[in-house]
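In what follows, structures are represented as structure tokens.
Both of the next two complexes hold subunit A, though its partner changes from subunit B to subunit C.
Right after this comes the complex of A and B.
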């Protein structure tokens, strides 16, 4: 399966009556985006109104509470459309050509469950912890209808759909724009790949998807990952919008839709594909709460690793606590099949960094890459402008009563920052 | 005697009133509602049941709300003592150790936060037992 991504570099966003991408600037009429979002009945039913803002790198702006981050894209050639099974029809994606509006994102913000949404600072010390501070962000703030408190699930669904629709609406503007740069990605059939790279180690990416329950969900072609057995997927499908976030989990290690579209493990494995290794496929598995599901899913992961005759597997998780058990079960069982593993995770090692980092461990899990310690303390100075509301800062995971100080500064753990310790390794923290 | 995995064998140990309001009498499970227990106490009670041979059906650290950030915790164990499972004993012991690492946060001043904590815990349990959380919520007056 071969996918060509055409990157259109977006250097600026401006509100305008005319919608277009020209010379690296996105001109956008928020009313057009709003009308497109409201074409969906659920959005109509649960979102009273939207407000729009633009946040650029270096500006004294704080966006909170952040729900999702999405990269606008458009399918220009080949099968399928954006977010198959949710927005576009369920056709298989991952081949043909897709244009990407690079350097920007749609950020959805607003209250859902306050303590589970994060902060993006566009400047200052907080900006150093999130890649999203480096993007031109088109921010959509959703205001719920009265009585939404008793209907959090419906409202979360509506905001999720609204964000995806905004990204589709904007991505469409890139359809007829010539990309600044193009890149091709290709994986092969099992036998085809083995013949092509007989000397190279066979490596797959075991991609664990958050699936603990409502408000902790990930969707694959529109299917709730909780209801699926472990399965295989072409890496180019994940790059082409097949997996998206329906999460209200801790900000620092939430895999937003942007992370799924730009998964750095996939990018790095492709960079080494045919050189140091043979990138066979991705294995997607879930992180259910029910222990029998954990056993079934991790057994299945190990079986697939063996069936694919892998030499190595990279395993990434999403979340802390319950998912740590899936992570260790997967890793241990894969290793017992004779397949070497490396884990990517983050740590909750206490503010001093001295506590055990994960809620589970095993001697076979002896190769670990960390995304950072989520308990690390940080002081975020006040910003000139807040997009969204500071109402929830005290209750965001990683904050505490009194986190928000009278001068508008915030004392908290880096957990509060969206993407700070991402467990795909999509972060700015490094030991290098 | 209920087979392993049969809903009749589900003992939902909880300090979350929403579990009782939405799930009581809606399935074959048994609910042990213990409002007096704190987050950690629920885990310790579960641990003692595991030592007595009851199985864990759900992970004790379910949910991305960190231990002690939420006061609510529900764990599903087996009604029947099927025999002590070493892995479950380790899992529940680890969960208590992890809980002790997190500072206890008091959100009782924010009724909305408390409602959200109850809702998250409830929906996670619904996901585990395959119960439609939305229909459970619509059966009650308000959260």
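Right after this comes the complex of A and C.
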């Protein structure tokens, strides 16, 4: 399967009555985006109103509570559309040509649903911990209808759909723009690949999807991952919007939709594909809370690794604590099939860094990459402008009573920062 | 003004002699001697060695108490900003002396200390107590070791934040410290995978720990006479979370009276936990802390009594050290209250 990504570099975003992408600037009328979001009945039912803002790198701006981050794209050639099974029809994606508005993102924010929304600072020390501080962000702040507290799942769903629709609406503006750069990605059939690269070790990516429960979901072609058995998927499908974030888990190690679209493990495996390894495929597996599910899913993962005659598997996690058991079960069982693993996780070693970092361990997990200790404290200085609200800073995961200080600064764990300790290895943060 | 340093070296590096002179007692010299020259050069005037203490390796090993007392007196009188020892490379007795005396200066005089040696030097056993820069296994490594030690020493003296062990070059102290790598995690994972596939050496970023396993107590023979307590890491708290238990990385637990409470209702209880969907726990907190069922069992005589207090914290992202400390404390309270058994619910 071959996918061509055409990157259109977005250097600036401006509100405008006319919607277009011109010379690297996105001109956008928020009313058009709003109208497109409201075409969905659930959005209509649960979101009273939207407000819009723009946050640029280096500005003294804090966005919180952040729910999801999405990269606007458009399918220009080949089968399928954006976010198949959720926005576009369920046709298989991952081939043909997709235009990407690179250097920008749609960020959804607004009243919290659980405790897991995060913070993006566009400047200052917090900005170093989130890649999204480097992007031009089109921020959509949702205001729920009255009484949403009794319908949090419905509201969460509506905001998720709204964010995706905003990204689709904006992505569409890149359809007829000539990309600044294009890149091709291709994987092969099992036998075809083996014939093509007979000398190269066969490596797959075991992509663990957060599925601990409602509000901790991931969707694959619209299917809630917790209702799916472990299966295989082409890396280019992942790159083409097949996997979406369900928006929760602590902000620092939540895989936003942007992370899925730009999965760094996929990118780095492609960089070595046909050189030092043969990138066979992705195996997607869930992180359910029941022991039977954990057993079944990890057995299945190991079984698929064997079935695909792999030499190696890179395993990435999402979340922490409970999913640590899935991570270790997967790793141990894959190793016992004679397939070598390296794993990517993050740590909860306490604010002093002295506690054990994971809730589970096994000596077979001997090759670990870490995204850092999420419990590390940080002081985020006040910003001139807040998009969203500071009302929840004390209660989001990583905050504590008094996190928000009278001068508007925040003392909290880096856990509150969206993407800070990402377990796909998106960032540079690590720990020893 | 330049920072003041006292340097400890052995007879060999003071050019007194080799093994045949290892018996010499400690002597105090003015200024820098031997490897002190390289350290001072690296400090570029920001710090200077006021005194150098020279001691024979055998003397230190055989007269540890006396040597320590003499050296501590000298260091105390000098009151330096930093005490630095070695580097000892793979010299066993020298490394032991460096680490031991540095530890004593740190703990007894409260002065900042630093030493350096090869990772397999027996002195490195003290790496969790003091900062030890990892060096090569012989003195040919001085050219690399001295600037590394000097840089870290200066940071210590200036009171600057010390980065992760791999960045600063000291031996890992079992404390996890964050830092920014040069390559992103996914690239490091793929590089590590390629090395592992090719049977080349690689270094894991997180060596797996060995876990603390607790053997269960013997079973209770007669439940109908037992007082049972409920405890939870699922974050069930009285509505409004009066103790402000954090939604993640809890710093404390709560003790709550359930005298006369037959059922946890949405009006009275909720969860503070940020790691799972709160909707169902908030609708009926008995789902996490089963007070209703326990009351039923109590009424039927299946259990003797439900303890009138419960203990709750949030297990989400909470450090094991915190969790252990909470339980150690409230376990004593449970014991004092005559509780026979605890049902601990997670989520």
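Heads up, the rule we're going with is that the second predicted complex is superposed on the first by the 427 of 432 C-alpha atoms of A that agree within 3 Å, B and C clash if a C-alpha of one lies under 4 Å from a C-alpha of the other, contacts with A are read in each partner's own complex, and residues count from 1 in each chain.
The rule we apply is simple: contacts are C-beta pairs under 8 Å (C-beta built on N, C-alpha and C of every residue); 3 or more make two chains touch, one makes a residue touch a chain.
The model shown is predicted, which means the values in this text are computed figures rather than measured ones.
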Kindly say whether there is room for both subunit B and subunit C on subunit A in the superposition, answering fit or clash.
clash
I'd like to know which partner A:95 touches here: subunit B for first, subunit C for second, both or neither.
neither
Quick check on the superposed pair: does A:363 touch subunit B, subunit C, both, or neither? Answer first, second, both or neither.
second
Between subunit B (first) and subunit C (second), which does A:82 come into contact with in this model arrangement: first, second, both, or neither?
neither
Quick one: classify A:340 as touching subunit B (first), subunit C (second), both or neither.
second
Of subunit B and subunit C, which one touches more residues of subunit A?
C
Examine A:268 and indicate which partner it touches, taking first as subunit B and second as subunit C; both and neither are also allowed.
second
Mind working out whether A:298 is in touch with subunit B, subunit C, both or neither, as first, second, both or neither?
neither
One more residue to check, A:123. First (subunit B), second (subunit C), both or neither?
neither
Regarding the shared-chain residue A:325, is it in contact with subunit B (first), subunit C (second), both, or neither?
first
Which holds for A:152: it touches subunit B only (first), subunit C only (second), both, or neither?
both
Candidates 59-67, 185-193, 275-283 or 329-337 of subunit C: the single one with C-alpha clashes against subunit B:
275-283
Where on subunit A do the contacts from subunit B and from subunit C line up?
114-116, 152-153, 212-216, 249-250, 289, 320-322, 348, 350, 355-356, 394-395, 397, 400-401
Report the residues of subunit C in contact with subunit A in the complex, numbered from low to high.
164-166, 172, 174-190, 192-194, 196-197, 202, 204-211, 244, 246-249, 251, 273-279, 315-322
Subunit B residues touching subunit A - in the complex, by the definition given at the top:
5, 56-59, 61-67, 69, 88, 91, 94-95, 97-98, 101-103, 105-107, 109-110, 112-113, 115-117, 119-120, 123-129, 133-134, 137, 142-143
Interfacial residue positions of subunit A with respect to subunit C in the complex:
114-116, 128, 152-153, 201, 203, 212-216, 249-250, 264-265, 267-269, 271-272, 276-277, 289, 311-312, 314, 316, 320-322, 340, 342-345, 347-358, 361-363, 365-376, 394-401, 413-415, 422-432
Could you pull out which subunit A residues touch subunit B in their complex?
113-116, 149-150, 152-154, 210, 212-216, 226, 249-250, 288-292, 294, 319-322, 324-325, 348, 350, 355-356, 359-360, 394-395, 397, 400-401
